[in-house]
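Look for subunit A in each of the two complexes below; its partner is subunit B in the first and subunit C in the second.
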Partner chain A sequence: MSDQHSNKLKSGNTGNKKIGRREFFKTGLRAAALISLGSATGYLLSKSTLDDPVWQIDPEKCVQCGRCATHCVLPVSAVKCMHVYKMCGYCDLCGGYFRPQVKKLDTGAENQLCPTKALKRTFVEPPYYRYDIDEELCNGCGKCVEGCGSFGNGSLQLQINHNICTNCNKCAIARVCPAGAIIRIPASKGYLLKK
Partner chain B sequence: MKNRIWIYLLVLLLTFLLIILFNRLAKPDFENPAQNPYDLSLDSLAQIPPELYLPLDYSYIDLPLPQAKALATDSAGNLLVAGQQSILVLTCEGKELLRFNTPQTATALAVDHQQRIYCALENHLALYSMQGDLLKTFPELHPGAYITSIAYSPGRIYLAEAVKGDVYEFTGDGEFVKSYGKGRDKTAPDFLNIPSLYFDLAIGPDNSLWVTNTGKHKLVNFHADGSLRSYWGVTSAAPEGFCGCCNPTHIVLMEDGSFITAEKGIVRIKKYNYGGGFIGVLAGPERFGPKAVGLDLAKGPEEQIYVLEAENNKIHCFRLK
Partner chain C sequence: MLYWLFHDPSRDLYVYTPGMDNPDSLDTRAAGETIVIGEHFEAYGQYQSSLKAGWPQFRGNDRNNILLTSSPVNLNWKTKEPQVIWSAETGEGHAAPAVFEGRVYLLDYDESLRADMLRCFRLDNGEELWRRWYNVPVKRNHGMSRTIPALNGKYVVSMGPRCHVMCTDRLNGDFYWGLDLEKQYGTEIPLWYTGQCPLLDDSIAVFAPGGTVLMTGIDCASGQSVWETPNPDQWKMSHSSIIPASFLGKKMYIYAAIGGICGVSAEGEDRGKLLWKLGDWSPSVIAPAPLPLNDNSLFVTGGYGAGGAIIRISRNGDDFSAALQAAWLPHEGLASEQQTPLLYRGYVYGILPKDAGANRNQLMRYQQGNLQEADWQSGKTLRFGLGPYMILNDHLLVLNDEGTLYLFSLSGKEPEELHHVKLFEGQDAWGPLAFADNYLLLRDSKKIYCIDLKP
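Right after this comes the complex of A and B.
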């Protein structure tokens, strides 16, 4: 009985046993190796997700043919007009907002170029106006992009919105793009806006 | 039994062929712009009635300098072109007389009465001799400045700076006199609204300064003290007006006070009388390449009008009859 008790005590004491220096380094090294292995795996995994190729429009090649609006597999195209505000002249007469030869520079539906009224015009101060895109309404037809590029600074540009795009293996728009403007880029790059 | 298999095979083949044929016919013609339901056709706007074209002689020079940025003429009738960190001096027939390097590509050029070349190197001005020797460097206007035009009148240098949309006036020695853009009512015609890097200056026959107010489609004339003298310009896509965000991109004034203007978007070279009345068209979009944008203008001593089409490496020469 006393032997058993002494054995229990011995085994119970093992938890409080001091760890030797060698043991400490061994455990430390194992933990460090595990942590670095975990971080490397995490990093590689995140990198591989970030660098997965995604579809994007090269605005230098885009010819605003309208097929982005009609050929995307989604009910409303994942291609949206994006505005590079830095390039915008905040003009009163915006070639991307107004139809050519409008009589009045106001927000009347008959004056607007966008078929879905997705481009919003807000007065800033004379003679400047700000133009914003309502992504819910934009169907990526590129009509405003063509108007802005022809008469303005080209600050309105078509891009594939990665929050909407399903990233089909064989993009339906890329197959019909006459300019070969829809290309694969690393996801980490995201967007190809002219600046 | 054997015959039946052949019939089945024939029916299968015919169905297969019909499917292929149907797919071919149903496929839209991607080369045809009419297939684009969202097409913004500018063709009708670019049409200029033939009676609006002015009678003229036309020739052109192939430019041995790609990506040219600026064009000017000297009093001898030679052409000066800036591009690829160099200045090229050509005779009016296109024969190369001189080529010298500049630290940056010049964005604007002007020649004074002593045949010295004022050269805008983005944010500052440099003065060169006609032999290409650097004579003087002016201080920079401000770090982000971009000079798009230089106008010279005896004793005065004017610089158009497009980033702040301001015109700076200097004496011939480089001493700052005044600027024209600040402190004006934003709704007034002389408030300079410059949406892009198209901002041109010209000196009238009376040595007064003309400035393109491109955001408002106006040409503005200033008194020597900087106050507004006059202005003209109509916003319209019609041939007599200016449209888009930044037109007219370039101007030149002739000896009789008439104006020659260049536009982008609908690429046109037009003539207006001294009061801004539309006279006619020298050239429409058909004269230039599809990528032509921002055609710099210069006039020769015999009233020639030179147009720089950098995208096509050409200098067009017009002489009105």
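Right after this comes the complex of A and C.
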């Protein structure tokens, strides 16, 4: 077998073009530059998303005026009641669930404070009841939050749900909030719940 | 058309009816539960006290939260700031102590033993002298203990969270008798347990169980009921306590039950007779006791949006009647959620609840004849919580929720804050104050504290 034939066979076996040292370094540098650029872009993008301001309610300032339910641009407000369970007393008589001066502590519609019945009550064991929020039904009116804060531990709190909020440049609720409770916070903070 | 025929637009609608929260087995009494009141006792030391003063029951000697003493008291705190001289760990709760001749009595709940525990301490140094207890399961529900024992020279009468009454010897803690109001009278234990502090009138312990009787008097010597007031309207026990008072020449026991307010004869042959009742004002939760205002009217208040009301009592021969003179919401006048307001020299003092609008949690003063228009208030920068207050020698002491004690002078035209001192890092310091022999007793949810107010 001649050398020529032997070389053909070799290249036929690998099927690759031989890469020179210069080409190897050039390709490596290109790849490194691309990876660096991608990482930097990803970092900047992620940083920019986390630090972008979003609207949120400061529960320390909120006065439960009811405007969150009526002034959001969405058909049903993005403001929802959220429950900080570790603050809850799990009371039978819950100021957030029952109307003031209610005579019977049961689930009859006439006894409930929530106009949309978004607050659910479940018996745990004597004397405790758990209270959960059905977010689909909650319209952010804040009646339960007011009741809970007036008579209980304040575990029910209004917050803007970022999965629903369109993050308008001028939040329509912030413009009418009498307490200045709607503020911008970095997206990385997300929610401002009292603990 | 088919859609119209077969589509039910109401299929996603629910009718909210009672029972949707599955309130099964609400009975707090565990099956087969046996509670032996007064079962256990331990003594730790002997003590002969030379101290003679006392704060023998809820709201003191005269059940009005006022103490005027001729002996000198340190109320010049700028010069000599009071310090805690002793403290004692307690179970979580708001039960406050009573004092009698140098001894402090506290109906505690011991969480490790799961027991109502009557504890006796020395007033001057806090040394525990004895404790008597009985096992009774109680779950934490915004604290457990809530009541103040009642004392006279011989007896201590206490009532635990689940309405177990115990009568013991004041000095050595010997057990005399016990009574389970739930078992005896069908009492319905109030939400967050009972807050009713026993009343000791001579040697008759007076309770308002609700259930089969509205009120009853128990002879401390025998443990037997000597009179009972029927309860035809099935009014229930509230968190409020019975107040003895005289109206229109008749001594009576006033009680704010769940269902209405009543006056029961407290003297003579008709002792225990229902003199009058009024169901027109009946909040679902009442903790403050009624406050007598003058010879024929009293003030009642409650939390959870109840506000306040004035009840006028009338007499025609031996017949009494009562009528609602005025009622208002918390933002319209004096109201209180837990503490009983007090009447001192023509003014009524109280701290408004959280639902009182702009005046929430402020200390307010009203003229006795006008409880809807404050003539002084502590202001936006000085708000309090649910803590107690009392009058001591023309001064008002107010404790906030976190253990800061405020001192106001009442000698001027308006109350004047003289000083305040942070006594402890407390939480929920709601138990009423007690003062005797220059010692002031306070508590938060986990401890009782004693400060010395000797000059």
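Structure notes:
The working rule: the second predicted complex is superposed on the first by the 164 of 195 C-alpha atoms of A that agree within 3 Å, B and C clash if a C-alpha of one lies under 4 Å from a C-alpha of the other, contacts with A are read in each partner's own complex, and residues count from 1 in each chain.
What we mean here is this: a contact is a pair of C-beta atoms (placed from the backbone, for glycine too) under 8 Å apart; a residue touches a chain by one contact, two chains touch by 3 or more.
All values reported here derive from a predicted model rather than from experimental measurement.
Aligning the shared subunit A places subunit B and subunit C in steric conflict. Once chain A of one complex is fitted onto chain A of the other, the partner contacts of A:Val176 are limited to subunit B, with no touch recorded for subunit C.
Applying the stated contact rule after C-alpha superposition, one finds that A:Phe151 touches each of subunit B and subunit C. Of the two partner chains placed around the shared chain by superposition, neither subunit B nor subunit C is touched by A:Asn163.
Looking at the shared chain after the overlay, A:Arg121 reaches subunit C, while subunit B stays out of its contact range.
Of the two partner chains placed around the shared chain by superposition, subunit B and subunit C are both touched by A:Cys91. When the two complexes are overlaid on their common chain A, residue A:Gly108 makes contact with subunit C while staying clear of subunit B. In the superposition on chain A, A:Gly66 contacts subunit B only, with no contact to subunit C.
By the document's definition of touching, of the two partners only subunit B reaches A:Cys141; subunit C does not.
Once both structures are placed on chain A, subunit A residues 89, 91-93, 95, 100-101, 126-127, 150-151 are touched by subunit B and, in the other complex, by subunit C. Subunit B contributes residues 30-31, 33, 35-40, 42, 45, 186-187, 191, 193, 195-196, 215-217, 235-238, 243-246, 264-265 to its touches with subunit A in the complex. Contact residues on subunit A toward subunit B in their complex (touch as defined above): 64-67, 69-70, 88-95, 100-101, 113, 115, 125-127, 141-143, 146-147, 150-153, 176, 178. Partner subunit C is touched in their complex by these residues of subunit A: 89, 91-93, 95, 100-104, 106-109, 112, 117, 121-123, 126-129, 149-151.
Per the touch definition, subunit C reaches subunit A in the complex via residues 14-28, 139, 141-142, 191-192, 283-285, 303-306, 337, 353-355.
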